[in-house]
Structures are given as structure tokens and as C-alpha cells.
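Dropping the structures in below, format is C-alpha cells.
Both complexes shown next keep chain A, but they swap its partner, so chain B is in the first and chain C is in the second.
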Partner chain A sequence: MIRVQNASRWYGLVVGINRVSLDLEPGVTGLLGVNGAGKSTLLNLMAGLLKPTAGSVTLDGEPIFAHPRALARIGYCPGADRFWEDMTGLEFVTFLGRLSGLTAAAAKERAGRALQEVALGDEGGKRIRAMSKGMRQKVKMAQALVHDPQILLLDEPLNGMDPPSRAHAIAAIKRWGEEGRCVLVSSHLLHEVEAMTSRILLLHYGRVLASGEVPQVREAIASRPLKVFLRCADARTLASVLIAWPTVASVTFAGDGRNLTVEVSDASDFRARLGALLAEREVGLEILNPLDDNLAAVFSYLVA
Partner chain B sequence: MPVFEQGYAPYDGPRRPLSKRWWPVFREEVQPYLRKRRFLFLLILALLPWAWGILLTFFHTQLGDSENVKAFIAELPKVDESLVAVLLGNFYNLFLLTIVSIWVGSGLVARDRRDGTLAVFLGRALGPLQYLWAKGAALGFFLLIFSLLPVLVLVIFQVGLTGQPAWLWEHARVLWGSALFTLLGPFTLVLFLLALSSMGRSPRLVGLTFFGIVFLGPAACGILYAITRSPLVWFPSIFTQLKALAELCLGAEVHPGEPGLALPPAATLLFFALLAASSVLVLAARFRGRAVLK
Partner chain C sequence: MDSPTRALFGFTALRMALSVKGLLFGLMAAFPWGVTLLLRLLVAKGIPVPLGGITLYGMVVFLYVCGFLLPLSTLFFGVGLIADEREGGTLPYLFGRPVPRARLFLVRYAAMSAVIVAGCWASVLGTYVLGVSEAGAGALGREAGTLLLDLGVVGLGALVYGALFAFLGLSLKRPLFAGLLIGFGWENAVAYIPGFLKRLTVLFHLHTLLPHGGGPTGIIQQMLSSSESKTAALLFLVFYGVLFVGLACFVIRRLEAASAQEADA
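After this line comes the complex of A and B, so read on.
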């Protein structure tokens, strides 16, 4: 497991990341943040490409920076294009497999498998120079996977991919997480991160603003009550009961008078009370839908 | 494209030890040059003077007793320390050595920096030392053609044609002197080019800088010498020091009266020691904190 402890990285007077601490667990974690939040810096630190100015980044207790043994367990898909353009995709991935210690035959076989895994099997024989942006992204993902690493660090891996390729890549990333790999994926596209995982790490100005499961993070944002949409036959009666609860901040009628929007300061207390109410009284509840416990809401409340 | 079974099975096959992972980088660096005709032609050009050396061996051993050409052959130089010093330290050999150094060496690190592939190398289980070793070995491999390799071929011909292994004992300095020249001269240039290349992103600029240092240096030293008349001004000239090193290692004075070679042997050794040390310091500073990735 990768452990980042009080790690800071400064570029002269500019802060890359500042006193970041986290543990990267098996499964998929989404790394979020606006431009310049420090996502790529954190990924570079974890990939051993940067040395922390302060603090430490370790893999099972061993520092990652300048430690080939630790690096051998990490697969890194960089955000920027980094290729030998004259090679074919298969040659490139094979070469990097060899650099990671695979024998020539094993590297070629694994490269073929990795390219198939990212849905570039047949087109892997093309020269990288002639590849589209999406195909290049797939080659980068394949090279991160070729040596079968336990840790996968993916910097905006879905950029430039067409919708079917995105769907395929999302499924693949989820599968790698389910296989027990620690996968950290940075992205600006919240719905894609949401499709891969509910576990997030949100960076802002070089610091960890929030980490954990999206619902937990949402509940922790005390300044923004959770909005819940309810539709029921007897909305007035229900509203009169709800407004008396201490965890309900406001109740708003909408539409045809059967729709309610309730602002809740403590979601778990609200759920428990509502469950008890529904058990003892018939209110004709048709729809119960939390409006802002999704990733987009969490992101906008914390960052925007 | 082969068809594999579906699914991504974990890899549990053998892995190369960390110490051997430089080999693919070395191979990838050397192979493209071996496919370039112009580059191979340059290497063949470099070997021409050595072919003359082999011809001399042939004349002395096979035709030396012939009455018709005996007098003529007696006038020809013999294969010994002096001849090897001439072949190693002449302008032609050093000029081609510089050209090949620039051709291969200027892009060693700079090209990877420009393309962003340096991060790919260092992000793998490949330490900076292995990376630099692989890159340096690629340039060193080609520079052997201007130093130790043709000397070995010449010696093999000499011993083979005369049938006298005793020649090796009498002229042992040809071997160890050439090895020392290779170690101190061309291999120090490898370090210097690695350091220079790690400071730039443009192989062309690195090549031009190296060319300027090697060829404009002697010109500047020449002007200074004309003014000061002090041989000390030749100290920083790589070209002159390589010539001096060839003479020093083989114990032969083949350019008598050349002002740049009037420096004491210690100055030549000091020059190459300083060049190697400063190159190592630059490389350590660039790679230790990965400043080279910026």
C-alpha cells in the first residue's frame, strides 16, 4: 500500500502539494481537483518521478523515490504524451515491459494482452506517429499495465477517447480495482469518476480537501444541508410532520403540490426518523430521491 | 497481431534482475545507428588508417625479405607504440571521433528530455545509474572503434602474421597504453557528453555546443598562445589534450614541437580528471533530485 505522510512538494516558491497525508487502499480511488490543484504532482510523487520536498511517500514502508524495487510494483500512465513515435504500439509496450524486467518473449506476450485489455488489440501494430489521441491514450494505459503492477496511477486516462472506448476503459479500471490493485485515477470528468468508484480524494490548492466515500464526504459538509426530493399523495401532512424534526432545516413545496424538497442537516438521523414514520403511518410516498449527495454536488460545494 | 485468450491474468513468470535492465535501453540506442548507411560509412572511414597499419604489418612480415622491395619496406614505419600513438592521436581519427560523439552523444539524454520519455525510463524499475550506464555504453561502444578495438585487431594481425607471441611482451604498452587512452580519453568524453546532454532539451544545441568546445577551443587557445607564448593556455583544449594523452599513454612523442603538447603529463591527467569529475558532479546534481525531468 502507498502511504503519503505529510508530503510537500515545492517548485521554487510555488506550492505543488502541501502536507498531504493519505493511504492508497486496494480498489479504485478517484483523484479530483481543479487545474493546478496538485493532482499531477501527487501522481508524480507516488510514481517516484519527484522527490518530496518534505515528508515521505512509501510503498509498504519502502521509499518510492529512487528505489527500483518499489517502482517495479507501480504502473504509471502519464497525462502528457511520452512516446518514441517511430515505434508501433506493440513495440513500445513490449520495450517498456522489458525495461520492467520481463524477458523478451514474456514482454511481447504481455504487451499483446495489455493492448487487448485496453481494446487496442488489432491496431497495436500501427506506428504511434499515426495513432489518434484516443489510441495513444490506450497505449499509455497498456504500458502502465504490461508488467502487472500492484499499483496503477492513471493521470486523466480517458482524455480523447470516444464513448465506446471510454465505457470499455471504465469497465477495465473497475475490474483492475476489483482484482485487488490499488488504482488512483485523476480526472476532471466527474460522471466518469462516479462510474468507476465512489471513493474519492479531492485536492485543492495542494491540500487534501476531502477523502472517502462520496456519501460520507457529503454528510460531512455541515454547512450545506442535504436536499431530498419527496413525492407523495399527502404532501401537506408529511410536510407538517417533517418540519417539526430538528434535523430538517426547511421544507419547500413544488410542482402540483405533491412534490417536496426537504433540506436535512443530518442525513442518517433523517433516514432513521423517516423509516419509523413510514412504518407507523401511511403517507403514500412515491419517490424519495436525494438531490445533492452525488459527486458533482460534493465537488461544487467544496471547490466552487 | 497474435490472438490471445481473453482476460488479464497476473504475470508470474521470471523477471530480469534489476542489474540487467539497462540492456534493452542500450540495444534500443545502438540499433538505429547500425541501420544508417551514412553512419556505417563514417565508421568505415575511421578504420581506413588502421587498414594501413595492417598493410604495414603485412609488408614487414611477408615481403620484408624480398630483395626487390626490401629497401622500400625498410623505410616504412613498423607497428609499435609510435605508430599506434600516431593512429590514435592524429587529427583524422580525433575529428571522426568528435563527429561520431556528436552524432550519437548529443541526443543521449536531451532527446529523452525533449520527448518526455525520460520520465518513462525513470518511472520504471530502472535507476538513473542504469539509465546513464546504458546510454553511456551506447556511445562508448561506438567510440571503441576509434580507440581500443582497431588496436586489438592490429595486434592480432601482427602476432598472427609474424607467428611470434613474444612481440606482445616486447610491445605490451601498445595494449595497456591503448586501454588507458580509451579509459581516460573517449570514456571521459562519454561522461562529458552525458552531462552536457542532460542539461539541454535540444540534441542539435547540445551537439553544436560540443562542437564549439572541441573545435573552437583550440582556435581560442591558439590566439591566446600567439599573445602569451605560454603553453599553459592549451590546458582547456580537449582536442590538444587527446593528442597529448595518446602520446602519454603510448610513451611516444609523435608531434614534436607542437606547442600544445609541451604541457607536462600531469597537466593532461589533471585535465581529464577534472573533466570526468565535473561531468559526474553535473550528472549527480541533475539526476539525484530528478531536476533533469523539469
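After this line comes the complex of A and C, so read on.
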């Protein structure tokens, strides 16, 4: 699949990405980062539109840049809202399907299917200049999909979509990942990525800050305490026990006095001790919820 | 022709023909028809006119089509062949598809040339019919050889100028300015200077190949055409065409689709 090895890309003195290495695996991977983090640069490199200044970007060992065999296996949805405006959505997708080697008839049939897949359907017959932002996003996604590529690179594909379209697109992206395609989706909206996948690649200032499953990434950040939410009948007693543990940094009461937020420096040690405690005595534990196992926490820890 | 080639050729030709540039090009191509019709009208009304239809036709091909219409149309279409897509942000759609870059350029270049050649030929043919028929219907047949040669030279001129300006469009950040300097500065100034330098223009070789020996520009033309053979002129033009097409293919293989601003603006 796509392998990025020590790839750097500079624009004069400006760094796009810096010594990035990764392997894009089947399934959905979320590419996260604030604006200017290097997400689009990385996607453009992987889509064969940019050359790395140093390092390599390959697909099964072959460089991707301007390489037709590699490009045939990649579908790229650019972030920029640019089209040949006077074409209809169907014409646009059909034309790009034909450039991917499909015959005129096959391209039209596949274009129709791709537009259905992104829930544009009959509205694909509209001129692109008359389409809303969300519809235009769908056309871009459909053109990435029309030649049935194994690899999908989607640059902020949900921008401008209304909530139902967004939900549909998220479901479609998840489905493509489940079908075994390698899908890399960039976004700076955490909840979007979280809805699609738990596997992330976090870029910051052109560097990979973290990659992997969100809980794994969270555990890897050993220097940051993990916050755990607990709700139990006898919160005071439990708090007095917990605060004595060396791995517990702090205990805070919240709400009606039955809620506790515990800061833990070693998650696995805390889990083991809590398991032993629950086996030993009845504390009336109702809820145990790690608060920092979500993407927002990981993101804020790493980027802050 | 395979599916991508046909799709790209049709797409490029249609977009060029239906663009604002295409409309202006059509108007410019039709301009000599109006002039020729005006001449016919004056002749019909008995107003004395200093030149006949055949002479006017020769001047149109020599001065207007080769000296103005060809360089201008190839300049505007040629520099924008890839640059327009880059500026419009649509280049990633073309470069992200499995079409070899050189083929992508060659197909677009062929489509552009087809549009320009069609327009220029229409201009020449229309002027020929309207102008030469002024000397009687028989003149149309007598001058057919000249017409065919003119069409050949105009077609060759479109290919060579198109290659030159397409190469400039791929290589330079502001190709239009450089193209204007070359197309209307260098070409028109140097082509008339005696010596070797004029061989570095396209216009000089086109003039050598044109069959219009006489006419009002005869002195200049004789001076130009006497300095090289038609074979040499043809070889020069073929060389220039192949050179610029080759250079353009070389450049496009290394061209990136996304600029720094686009990539992470």
C-alpha cells in the first residue's frame, strides 16, 4: 500500500511536512491537524500531485508522482472547491471516469452509481455552478470513487454538508473502510473523525505528533494524567481510598456528591487496583468512564 | 484512440471553442470576410479600389493570418493550455488521473491546434471564396494550388506557434507577457531584419513558404524569401515544432499540480 518514508516537503523556506513516515493500511484513518498543519500537503504527496523534497512516497514500492499505474489505484477528493463549473455533476464525474480508462458507457454508468453512493442521485444532472456547497462536495467525492480505487484520499470531504448529508457521508466512508479500501480522511473537526474511525494520524507543524488507535495514543502519552469519571453510592469513602493510591494524582467531587473525577498517572495500575478493590468491598459503583479516551482530549493534550 | 484520449481531446476542443477566447477568435477569423465583402461592395458600386480580390486575399494570408491571427490565437490558447487549469484549480483532476503527463499535453495540444487550424482555415477559405471570385468564377479553380499551399502553411504555423506558446505557458510564471513580447515584438521585428537572426523567428519561415510572390508587399517578401529555400524553411519550422513540443513534454512530466498556497493555505 502507500508508504511515506521520511518524506519532507518545503515551499521555499516554509515547511509543508517534515520527515513524515507512515504506512496507510486498509480501513479508515483520520488525518487530524489544525489549519496549516500539513494535512493537504501530505494528501497531495500521496495523491501524486506533489513531489517530496526529500524522502519518498510510494505505492507498492513505486513512486506515485506522475505515475499512471499508481494513480489508477488512487481516488483523490481535493479540498479546494474548484470545478469546471459549466458541466453537470454527472458529466464531470463521467469525464474523469473516462480519464481513468473507463469506456464512455462504463464511465457514465459508474458515474451514476458513484453519485448515488454519495447520495446525490438525480441532482447530479444539475450544472455544478448551480449546486450548493454540500452538493459540490458530493460531486468531488463521487469523482474520487468513480474508477473504484483501492485507496481513497479525502481532503476535508464533509465541509459545507448539511447534517443529514454529513451523516450519510460518514456512513459511506466507514463502509468504504470496511470494504477493505485504504481511506485517509483529513479534517480539523474532531467529532467528524471520531464518528468515522478510531485510527488517527495527528499532524502538527508538518510533523506526525501521534498515530494509531485513539486509546493507544492516549496511553502513550504517559506524562499526562488520565481523567476517569466515577459515579457511586458512597463516593466519599471511595475517594478516601483512591487518594491514597500512588497512581492517583487528584480526586474531585462533582454534581450531587456521588460523582468523582480522578486524575490517574498510570491507567493500567489504576485499573488493576480498582478491580481488586471492587472484588474486596462493595462501594456501589454505577459508572466508570475514562474521560480522556476520546479524540478531543488526545488532540488538546498533544497540540496544546 | 482510446477512451481517455478521445474524452480529453473532445473536452479540450469544446471548452476552447465555446470559451470567451474562442468567441473572440471566431470574430477575428471572420474579420477578413467583412473586409473582402466591403471590397466587393465598393467594386460593385463602381468605386475605384487600388487592389483586386486576389491581391487582397494574398495580403490577408500574408499579413493578417500569418502575422496577426496565428500568433495571437496560439498565444492566448497556448499559454493557457495547462496554466488555465492550474489557475482555475482544476489541474489536480487532470494530473490525478492515470494519463501519462506527456500524453495529456499532446492530446490537449492536438485539440488546441485543431481548433486554431479550423478557425484559421475558415478565415482563409472564406476570404479566398469571397476575394478570388471577384476575378471571375474561373479564378477560383486557377488559384486552387495557391489556396492549398496557404492552408498547409497556416496549419504548420498553427502547430509551431502553438508548441512555442504552450511551452512558454508551462515554463513561465507570467507567460502571457513573455508571449506577447515574442509573438509581436521579436517575431514581427526580427523577421524583417536581414541577416541570420530572422531564422530564429517562425514568421520568417512562414513567409518563405507562402506562395504569394507578388502583390503590394512584394519588395519585403522578395527580400525575405530570397534568403532561404522553401526546404530550409520547412525544416526550420519542423525543428522548432518538435523542439518546443519535446521541451513541453519534458516540463510537464515534472510539473506539480498543487502550488504551495493551495496545498496548505
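Following the convention adopted for this analysis, the second predicted complex is superposed on the first by the 302 of 304 C-alpha atoms of A that agree within 3 Å, B and C clash if a C-alpha of one lies under 4 Å from a C-alpha of the other, contacts with A are read in each partner's own complex, and residues count from 1 in each chain.
Please note the rule applied: a residue touches a chain if its C-beta (ideal position, glycine included) is under 8 Å from a C-beta of that chain, and two chains touch if they have at least 3 such contacts.
Because the structure is a prediction, the values reported are computed rather than measured.
Chemist: Clash or fit: chain B and chain C on chain A?
Modeler: clash
Chemist: Is A:F229 touching the first partner chain B, the second partner chain C, both, or neither of them?
Modeler: So A:F229 meets neither chain B nor chain C here.
Chemist: So in the superposed three-chain picture, is A:G121 touching just chain B, just chain C, both, or none of them (first/second/both/neither)?
Modeler: After superposing on A, A:G121 lies in contact with chain B but is clear of chain C.
Chemist: Thinking of the overlay built on chain A, is A:L49 touched by chain B (first), by chain C (second), by both, or by neither?
Modeler: Both: A:L49 reaches chain B and chain C.
Chemist: Contacts for A:R82 in the overlay, against chain B (first) and chain C (second): which applies, first, second, both or neither?
Modeler: Both partners.
Chemist: For A:L71, select first, second, both or neither according to whether it touches chain B, chain C, the two together, or no partner.
Modeler: Touch status of A:L71: both partners.
Chemist: Let me test your reading of the model: by the given contact rule, A:Y205 touches which partner, first (chain B), second (chain C), both or neither?
Modeler: A:Y205 contacts neither chain B nor chain C.
Chemist: Is A:L99 touching the first partner chain B, the second partner chain C, both, or neither of them?
Modeler: Once the two structures are laid over each other on A, A:L99 reaches both partners.
Chemist: Could you say whether A:T41 touches chain B, chain C, both of them, or neither, answering first, second, both or neither?
Modeler: A:T41: touches chain C, not chain B.
Chemist: Now that the structures are stacked on chain A, which of 9-17, 45-53 or 63-71 shows chain B clashing with chain C?
Modeler: Only 45-53 shows clashing C-alpha atoms.
Chemist: Same chain A residues contacting chain B and chain C, which ones?
Modeler: In chain A, positions 47-51, 66, 68-69, 71-72, 74, 76, 78, 80, 82-84, 95-96, 98-103, 143 sit in both the chain B and chain C interfaces.
Chemist: Touching residues of chain C toward chain A in the complex: what are they?
Modeler: Residues 2-4, 6-8, 11, 15, 88-90, 92-101, 253-254, 256-258, 260, 262-264 of chain C touch chain A in their complex.
Chemist: Give the list of chain B residues in touch with chain A in this complex.
Modeler: Going through chain B, the ones touching chain A are 1-4, 6, 8-11, 13-18, 21, 24-25, 28, 115-117, 119-128, 130, 288-290, 293.
Chemist: Of all residues in chain A, which touch chain C in the complex?
Modeler: 11-12, 14, 16, 35-41, 44, 47-51, 66, 68-69, 71-72, 74, 76, 78, 80, 82-84, 95-96, 98-104, 107, 143
Chemist: Give the list of chain A residues in touch with chain B in this complex.
Modeler: Going through chain A, the ones touching chain B are 47-51, 65-66, 68-69, 71-72, 74, 76, 78, 80-85, 90, 95-96, 98-103, 106, 109-110, 112-114, 116-117, 121-122, 124-125, 143, 145, 147-148, 175, 179.
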